Amino acid sequence: MICTALVFIMHLGFSLLEIGLTRAKNTINILFKNVMILIIGILTYTFVGFSLMYPGADFAGGLFGFANFGLLLPVDGLSPAYADGHYTYYTDFLFQAMFAATAATIVSGAVAERIKLSTFLIFSTIYVGIIYPIAGMWKWGGGFLDELGFYDFAGSTLVHSVGGWAAVISVALLGPRIGKFKDGKISVIQGHSIPLSTVGAFLLWFGWFGFNGGSVLSADPGVTSLVLVTTCISAAAGGLGAFLVSYLRYRDNDLSMILNGVLGGLVGITAGADLMGITDAFLIGLIAGAIIVFSVGALDRMKLDDPVGAISVHLSCGIWGTLAVGIFGSMAGWSQILNQLIGIGAIGLFCVTSSFIILFTLRKTIGLRVTEREEIEGLDTHEHGTTAYTALSVEEG
Amino acid sequence: MKKIEAIIRKSKFDDVKDALQEINVNFFSYWDVTGVGNEKHGHVYRGVAYSTSEIQRRMLSIVVSDNFLEKTIKVLLETAYTGTVGDGKIFVSTIDEAYRIRTKETGTTSLS
Amino acid sequence: MICTALVFIMHLGFSLLEIGLTRAKNTINILFKNVMILIIGILTYTFVGFSLMYPGADFAGGLFGFANFGLLLPVDGLSPAYADGHYTYYTDFLFQAMFAATAATIVSGAVAERIKLSTFLIFSTIYVGIIYPIAGMWKWGGGFLDELGFYDFAGSTLVHSVGGWAAVISVALLGPRIGKFKDGKISVIQGHSIPLSTVGAFLLWFGWFGFNGGSVLSADPGVTSLVLVTTCISAAAGGLGAFLVSYLRYRDNDLSMILNGVLGGLVGITAGADLMGITDAFLIGLIAGAIIVFSVGALDRMKLDDPVGAISVHLSCGIWGTLAVGIFGSMAGWSQILNQLIGIGAIGLFCVTSSFIILFTLRKTIGLRVTEREEIEGLDTHEHGTTAYTALSVEEG
Amino acid sequence: MICTALVFIMHLGFSLLEIGLTRAKNTINILFKNVMILIIGILTYTFVGFSLMYPGADFAGGLFGFANFGLLLPVDGLSPAYADGHYTYYTDFLFQAMFAATAATIVSGAVAERIKLSTFLIFSTIYVGIIYPIAGMWKWGGGFLDELGFYDFAGSTLVHSVGGWAAVISVALLGPRIGKFKDGKISVIQGHSIPLSTVGAFLLWFGWFGFNGGSVLSADPGVTSLVLVTTCISAAAGGLGAFLVSYLRYRDNDLSMILNGVLGGLVGITAGADLMGITDAFLIGLIAGAIIVFSVGALDRMKLDDPVGAISVHLSCGIWGTLAVGIFGSMAGWSQILNQLIGIGAIGLFCVTSSFIILFTLRKTIGLRVTEREEIEGLDTHEHGTTAYTALSVEEG
Amino acid sequence: MKKIEAIIRKSKFDDVKDALQEINVNFFSYWDVTGVGNEKHGHVYRGVAYSTSEIQRRMLSIVVSDNFLEKTIKVLLETAYTGTVGDGKIFVSTIDEAYRIRTKETGTTSLS
Amino acid sequence: MKKIEAIIRKSKFDDVKDALQEINVNFFSYWDVTGVGNEKHGHVYRGVAYSTSEIQRRMLSIVVSDNFLEKTIKVLLETAYTGTVGDGKIFVSTIDEAYRIRTKETGTTSLS
């Protein structure tokens, strides 16, 4: 139950990271998006998503199943007997609901500062309400990937890549922010507050204790403590990796890169947090940190404009983490690598296709992007009729 | 045309603005500056008492036609006044030419 | 015990929400108030409040009882046997102490930017030390409302309305901030940082997991999980309600309204969090969100100047939530509605009268309001001799 | 396990407190330092520190012992049987690892705005990896101080003073910031954001629930709840003490002093949180709060420039708290006071000597301080090539 | 030498800067001001609709030699233009003397 | 009366202020501006190296009587100097009239 609260606070972490790395003129818009995603995420998951994701034995096929609208308290749902004495139906649901909104939040970061609010909200509703639970069901709901032997402890693929794929597609369909790629050169659009981003990253790390710790589901102290240790070490190693690589490559102590590295380490360990030893976790994190730096550079060169590094963190490191289950730790082996690849591919294909269809339809109908004028003058003034900060200077005399 | 630069107390800004409005001077630009002058403020910060003459002020830049000059100054002198040290200053200088970007008008008609 | 920490962090949430929605020139003053309230709240509750609120069987009357000054460890207080194996005396005390300060914090928001610091601190001390525990004792301490059958799970009335009533009275006695109602027209005095407010609202939601979750007191996983689910759904629905109503009414995507809506949903569910089903919680929240929007507008028209919306959130939704116990969920019924109304009325009458007496006395003696000059120039310079932000611009070159 | 997360969030608290009390031009530098400390702290503690601190029966001497590099899972490490059913090996490790980084973070605050990044990182690595665990082992690892009867519940001396002593030495070797002591007069260098500092202090208080609560280690509800109550009361009393003294002495409602007072109260109670009654805790906190105010003043007069008050909070109150174990509570008595003094002295001597040696060596080799130009223009521009805030003003029209 | 003070829309700043660069006016100072003028913005805040004429603008201060004046003005008038109310103003005044601190040069050679 | 507008490095501000104090010019207003000029700064942000000529500066506005002009300029030229590109500029212009709001004085006596 505590873990639910911790995962909840991750949404604040995402929001702060995101506003810190973007410009002040779009701050309210981003906060608005993130608050609405959380609200919509919880509600759609209540009424549709949970039943889609955990259809239960009676309704499930391998690819798709649906139990019923709303929540239906099972016979022994209120007592821990629901899950062999470990947790109750409602605990389970709420924890999952907090996860669900994460997928859309990831997208939110990548499309920040130029997407239309209404479009984004519609997309999120569909994605969180339908696409994410279906993909999740394939593994966690007992679908075909689960039967195959694909392993994803807490969602490197099922949560992070699901968000990451949608982020890639939307960034590609949206195009870069005005001024990001001027005359073929990559320009710099600085975020407006590094401190806010740092707070965000800390809160995400904090929340990840709940994200991974809670995913043990059984509250078995042995496994949970192992999971927390691997999570933490991988996060630290991710930061270290990003620091080393970005220092060696750019001779620059770039804090935002280290923060991304920490998150990369967290995403990387998520798939196999309960399988790894200390050294495994360290290596997974270190490599994830390095991946971040290269991935951020590569995306820039591919003219995919991702203001907060969401794709690098969640997709690149999500894939890496899922693969790592086959490389390090107690499940390592060629056949597992293959299983992991199939899982990554299947989910990737599904997410790419579905988000392309949704976004393409939206583009043809209500449009994806705000007008050029709105973008330049800031979404806050146009969509919210106010600005995030007023009169920061303090009155005296 | 004249440019009036008035450096006033921030707490007087609302009054000044309303008074300018009444004489139809409803076009100007302002920003916040730090003023160094006769007024001093005493403060205590973490146990150290100190006094500073750097005080936040508001700078108003108003370009007016010559025949508006006098009454604008008068309004400013009246409404920005409290009588205690630190009420601020008004400086007047000459503007050679003015343009309204929207219409490309020049001269006094471009001011309002 | 964790819940205590979560409720603790709500105080940070309140502080940030409040400074975000007010002007930079009063920021330190508001933080100072909130920090001092917390300190005073904990200490007075230790020495007086807890004994007033839970006098125990030996000392209690139906209306008023008092055990002793300070804390007196009962015989088996250090072992969970204190409460049938559920929690210890100290856990109980600390959790309650965190609640107590909340009542004053609510008032703090409503009177921000113009009340005298010393006056406010005296008022808070009395209110938190004496009024709040007496009101609380009527129900939670086994007083007459409890015997009557009045139900208030975690304090929609006992905590939130108690604060809300005091807020109304103090706003009425204080008058609006200078410039709020100019020439009969309602002006806008914008808060200085929406991001801070958003962080505040998130932390409050986060803390509410502890507020409601902890109020189960027994740590029974079944009920606790249900409570968390209803709490969360109602919060989300509150945000949705506020969004829909404010969008339809004002065509405006107002983030601060949604945040208030979320809080309204939280306050609304608080009275009956353990009695409601999913749909009940959804409806309670939705209506609470709508109430917020109308209430904020109505207060403005009544010339009650509440900068942060404290009255709308805590009083309007507190009343609504208490009533909702009679309308939705497992206790619904006309007789319960009546009981709830009696409870609301009794507590309201008591709080209004007592806070009027205290505040009126203070007005006649040391005065309620800062001078006009102090208000215009900012409380920070005058009462604290410094300002919250210095030189935000960053040095270079 | 939750406590680990709470202690983790203290690092965010430290960071925010620190940036709030320093100038905007060094913000990134400070955040960078704190993030790297955390990363380095976790990793060195994993590979070296834990084994140094808890060598176990086989390897330990009274003064120094070392088990092995890395973590070595004991036979029953994954089951709670590791510690008589209370917690697992990994839980234990992670909790301790979070503590370790704290010592360096304390130093970070005192040397802010002028120390060279690389120098600081090297110093931290050595201090956290070697010095802190050795000192810790003397008591918690079963070393000679433990045998003597020295008592330090959660680290007033072992964590806070260890950091505090290093802070004194580094401040003395570094010298004050340019402009702090001009022509023999003490100048004021204001922090740039009181709100951030307040958030930091709240998070520290929040985290301390975990710091002290978790140090019970056994999760015995009786003791834990007592510890939380004493912790909380002492914190509140610390704030009250600082408020009263600073108001009486300077006629000033200084929020930053109250925040320091709260932290002082927390540090003060840390050594004996499980031994004190309510009134003891209140007095310890109150005195700690008073000590803060005097200590801040005294350091200024001694021309030791500690921008955030780290020495006053962690060293002065750390010593006071350790002594208080001999004065108040269930262990009070002259012989205990003596034991406490020996402990304080031994640790103090060790830390002062070792940090002097390390820092002096660093000064002779790579240098301690940034250049004058870098200091004046801000570390952010020079060491990180960017600034913390860009364009805070919001675009419109 | 002349001082050109241009008060323009912030959203036009990038265009203006690029255009100035092209005519080799790549030396100026700017800061943000609040402008009061004909343009009004309507907002809703917590359910209260209001309209304000206080709008964020950017002030550019460019000191140029007399023979650069005309083309600088021309560029400003063209690139800061949108045609809707609130495009801003340009004011020209006379500078008596200019110094470059680094070289202690004076006069027009000190400008660039 | 003359208005001196000096655009200097922020890191030199404290020195300049102290030096002005010594010649009794302890009345002026300042604010922060962004300067575009010859100096360039190279930065790296998230792996992209870039160079910008937009650098934070401090603008001082000092109105002095004619006989203070020379020595004020001298002090500014000396104390704001580092010798590297980007030390800044000083511009002098004429002020027609000055008022002290508190006393309604005009002319040079109103300046100090």
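All chains are identified by letter, namely A, B, C, D, E and F, in their written order; residue positions are counted from 1 within each chain.
Methods note: a contact is a pair of C-beta atoms (placed from the backbone, for glycine too) under 8 Å apart; a residue touches a chain by one contact, two chains touch by 3 or more.
Predicted, not measured: the structure shown is a model, and the values here were computed from it.
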Tally the contacting C-beta pairs at the A-E interface and at the A-F interface, and name the larger one. A-F
Have a look at A-E, C-E or A-F and name the one that copies the D-F interface, over half of its contact pairs being the same. A-E
Chain centre separation in whole Å, for chain E relative to chain B (CA means): 19
Euclidean distance of C-alpha centroids - chain B vs chain D, Å: 49
Chain C and chain D, separation of their C-alpha mean positions in angstrom: 34
Between the Cα centroids of chain B and chain C the separation in whole angstrom comes to 43
Residues of chain E that touch at least two other chains are 10-11, 31-32, 35, 41, 43-45, 57, 86, 93-94
Scan chain A for residues touching two or more other chains and write them down. 2, 27, 190, 252, 254, 376-377, 381, 385-386, 388-390, 392-397
Which residues of chain C touch chain E once you look at their complex with the stated criterion? 186-188, 190, 246, 249-252, 254, 256-257, 293, 296-297, 300, 309
So, in the complex, the side of chain D touching chain F is made of residues 179, 373, 376-377, 381, 385-386
What residues of chain A sit close enough to touch chain C in their complex? 1-2, 4-5, 8-9, 11-12, 15-16, 19, 27-28, 31-32, 35-36, 38-40, 42-43, 46, 70-71, 78-80, 87-91, 93-94, 97, 117, 196, 383-386, 388-397
Chain E touches which residues of chain F in the complex? 2, 5-8, 31-38, 53, 57, 59, 73, 76-77, 80-94
Residues of chain E defined as touching chain F within the complex: 3, 17, 26-31, 61, 63, 93-102, 104, 110-112
